[in-house]
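Report on the following structure.
A, B, C, D, E and F are the chain letters, set down in written order, and residue numbers restart from 1 in every chain.
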């Protein structure tokens, strides 16, 4: 990118169009995680820097080890973060104040601060424990109806960028088909079978 | 709803239209709390599950007892929550990460977690204490100018779903009439009378 | 304003137009902080009341002393806060629930609560320590590329009020010019020189 | 409304809240036409003035007799049209310039001008011819699949107020259920039977 | 601007910031016409080229002489029109197709085409006739209630950039104060006095 | 698609997900024309039906022969048009009224009506004349600065779906780089050379 931006003798606007296409390509790579119809879990150990932060902000849930650390690094490279951190981090954490400090200073922050501000959902003592935790979480999600899981992710993605009213409209249009799924009956039967005991019996939903 | 969705022999699209109408009706029931011109306080004891979470998210302020617990349960019924939780909970708490975990897993969480994430404003030891707390809070709000209270709720509802600039425009149009209220003078006089002592003397505002 | 609103004998609509113009003027004063191309740091000691809260919400980062206190006071004056608190505070803190309680009750809250809810980024023991902290933070930001800092603020302001997708589009258009800055090369060279040691050597960027 | 607005001795803000509720009620009456799931055809003869224009703008298609005339009359009553003309007429006609002239001057315009600017779709010589035309148009629409007709109206209403991209997203979610309708097969069979001759054979779709 | 854009030896990004500030300043000049609380009438004779088109698109109503001509000229200067033509012309005329052809080719078009596409509301034979026509139109508007005229312009500006629903909400909030104006009574009395005869008697409204 | 929608024995929701993916794929094909950075000209002869109308609405400019005809055909297939006609046609023509009639009735309309409503920019007597006309128009556009042409298309696409204010903001950010193009100087020099004579001398801009 540096090479592209600084090439001698070329017209500023022509370089600009190439840079735009290149940034768009990188943005698409990151956004494809968000657009994945299934939830994506990020597991962070060691440093998560620059594009690493862009990446994990496009995931649904984030875990890390107790020695993980994070930096919104782009300001130290002379540029504004352009792969999604400035757009998604304030929504992930809901704290514009904290995000601004991080983005203006490139201050390093640790696992504890990431947890307190809501960037990560859990801190695990070791990389192994984190991997186990992530897989266990993934298993729980995978045991649910895929129609329900993918519908929930679609709704959360949509609602983030629309008004509550628009989100409700989309939800009832979505459910015109989704509520007719056989999964509703299967899940209801399983829930009835389990009573109020709060456990989930494995149920076999068809693949989506 | 299950009955409606699974009826044999009917056309998929015709069932779909009926389901949409039914979900819209239920959504309206929940949204009517949000549209109520006065603030609404929710007091939760015991389990708050599924539609219960939809309901309290449409309220202004939430209290709970220390033994209350919560579940975004819909995924266990094979469907995406469709009465507002997926739209409102991320805005109530400002933590998309936490909401996603709850919505994908139907994990049960307790009063402490609800408080730390901002879902409830206070935890009370007993149901009686909670009722007293809710009534006291309601009394404080009821002692204020109803023109000011209803104007504040209208502004907060509007601003949540519009840009800051749009919110400011709405506010100054709203205040074209509201600032001419006699309540402004009454409140100013009461404030002057109380000096800087930070207490509020009962003032008698007309009913709205 | 009270004088303007209560003038005898004038037409309600004509008073309304004057009030709107006056509120717009005051809103512009507050919004000009937000529109300042450089980050603005607020340092609060003592009471921060009414318009004070409007003001600090339009800043990028907030610090306070341990004895600072805050009140969203307007409801006690018989009006809805109209200079930005109701629009910006929910976005600064990401906790609509807390904001509603404060706005409906005019409850006073202290530095600790402001910190826990994310309104302020740090609490300092004394006014001197706070001034030093604010200046140190400002120095760190001032040592970064001004092209990167101003680009980051522009992106954060824009993204707050647009969808993630709109924010990404704006970012790549902005970077058509910004990535061609000499600052990118200067910052990259400085970063390379510093190795992975996590410190930032002073680099001399041209004024913007 | 005049009575409500001018009542002596009442607080300006309290009158304001009553007026808002009253206008909202009237707006809902007009908007209910737009929200009707089936297309609505307006047939105008004689004068269509003030609220009449609000009303026909909420319809899908408008016909008139050659001696019909129209006025956006509200400015002559000392108020801005508040039941939808200022919102819908620019979208119905797509000519902001013409709408502004009409709204500022309350100028009367005739059937010919209404047709040329796209407000009405056809001019009929007599009231009888117009009624026949409207009924014939309604019969054509009624002969189509109700799933397709209602889906088309829902899409047009939604798309008018959303971006093209948002409209496309809504459309594909809607069609998740609608494309599974038996009507698709029935209509395809009927179309095949008719060949390329451009006529539509009566087909019997179930009621929606 | 050319001078600013091509200055040797300066950093691309620093030039970019200066250009942005300069374009913003020019845009504000044009937009101030649109923001003027009263309607603005443009009268065009001779050529209306480039910034001239930007200017008249920010007006409410446009007249021209029969020999007037127009060009969206910027493409011939190697740039995209940046003072509002590309944003406002499609809304003024409601014909995206025509606008695109004009903007891509800088084709000159005459008064007749401008009238047919809705850019101008009337064509006058001479400059004097046009001046008279514009003044007469202005007089008609000036004879109406200024509360109603300014409210109508505010509503049309707002509604152009918001959904119908948002426009209706704004309208009823605006009318909380505006319907309490003495102008409503004055206008109603004048209208009653005139009967159904369709003329407007001069009424004396206070200045706004 | 029909096959996909009607497959026996499969779960409604699972079919729904496949249909959504399929429609999205087709929508992308059509939208790629709109996203093409250069203007696209459609030339229509004979019938333009269903997906044909979706396709030409995603183009920038449309020409047709005098015997061309058009139908928004989807309603006769039992479905709502889902590849963009319902979203784009009202914006291309700016006449919601006409679009609704066409979409509800699948009425066939001819070249003359398409021209009068603004769907096509010109009608040519023969297919050869149309091809020549399209190529000539393309040549005129190709003779302009590609930086200016692509910038104009990007602005028109963006402005269609955003407020005027958002469009102006995007424009000045875009021009941060574009105004530094060598094309501005080349075009200015050519314009100066041509004087006020209104012709365009061929100028050689670099490829983009």
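Quick note on the criterion: a contact is a pair of C-beta atoms (placed from the backbone, for glycine too) under 8 Å apart; a residue touches a chain by one contact, two chains touch by 3 or more.
Just so you know, these numbers come straight off a predicted model, no measurement behind them.
Common neighbours of subunit B and subunit D, listed by label, are A, E. Under half of the residue numbers found at the subunit A and subunit B interface occur in both copies, marking it as a different-residue contact. A repeat of the C-F interface exists among A-D, A-C or B-D; more than half of the contact pairs are identical by residue number at A-D. Centre-to-centre, using mean CA coordinates, subunit B is 26 Å away from subunit C. Subunit A and subunit F have CA centres that are 34 Å apart. One simple way to say how far apart two chains are is to compare their mean CA positions; for subunit C and subunit D this gives 44 Å. The set of subunit A residues touching two or more other chains comprises 12, 16-17, 91, 93-95, 147, 160, 162, 173-174, 176-178, 180-181, 183.
Inter-chain contacts, as defined above, occur between A-B, A-C, A-D, A-F, B-C, B-D, B-E, C-E, C-F, D-E, D-F, E-F. For subunit F in complex with subunit C, the touching residues are 158, 162, 166, 169-170, 173-174, 176-178, 180. Residues 39, 60-62, 91-95, 118-121, 137, 140-141, 144-145, 147-149, 151-156, 159-160, 163-165, 167-168, 171-181, 183-188, 191, 198, 200, 205 of subunit C touch subunit A in their complex.
Listing the residues of subunit D that touch subunit B in their complex gives 11-14, 16-17, 147, 150, 177-178, 180-183, 206, 208. Considering their complex, residues 1-2, 5-6, 12, 15-17, 19-20, 23-24, 27, 31, 34, 74-82, 84, 86-88, 90-91, 93-101, 103-106, 108, 117, 160-162 of subunit C touch subunit B.
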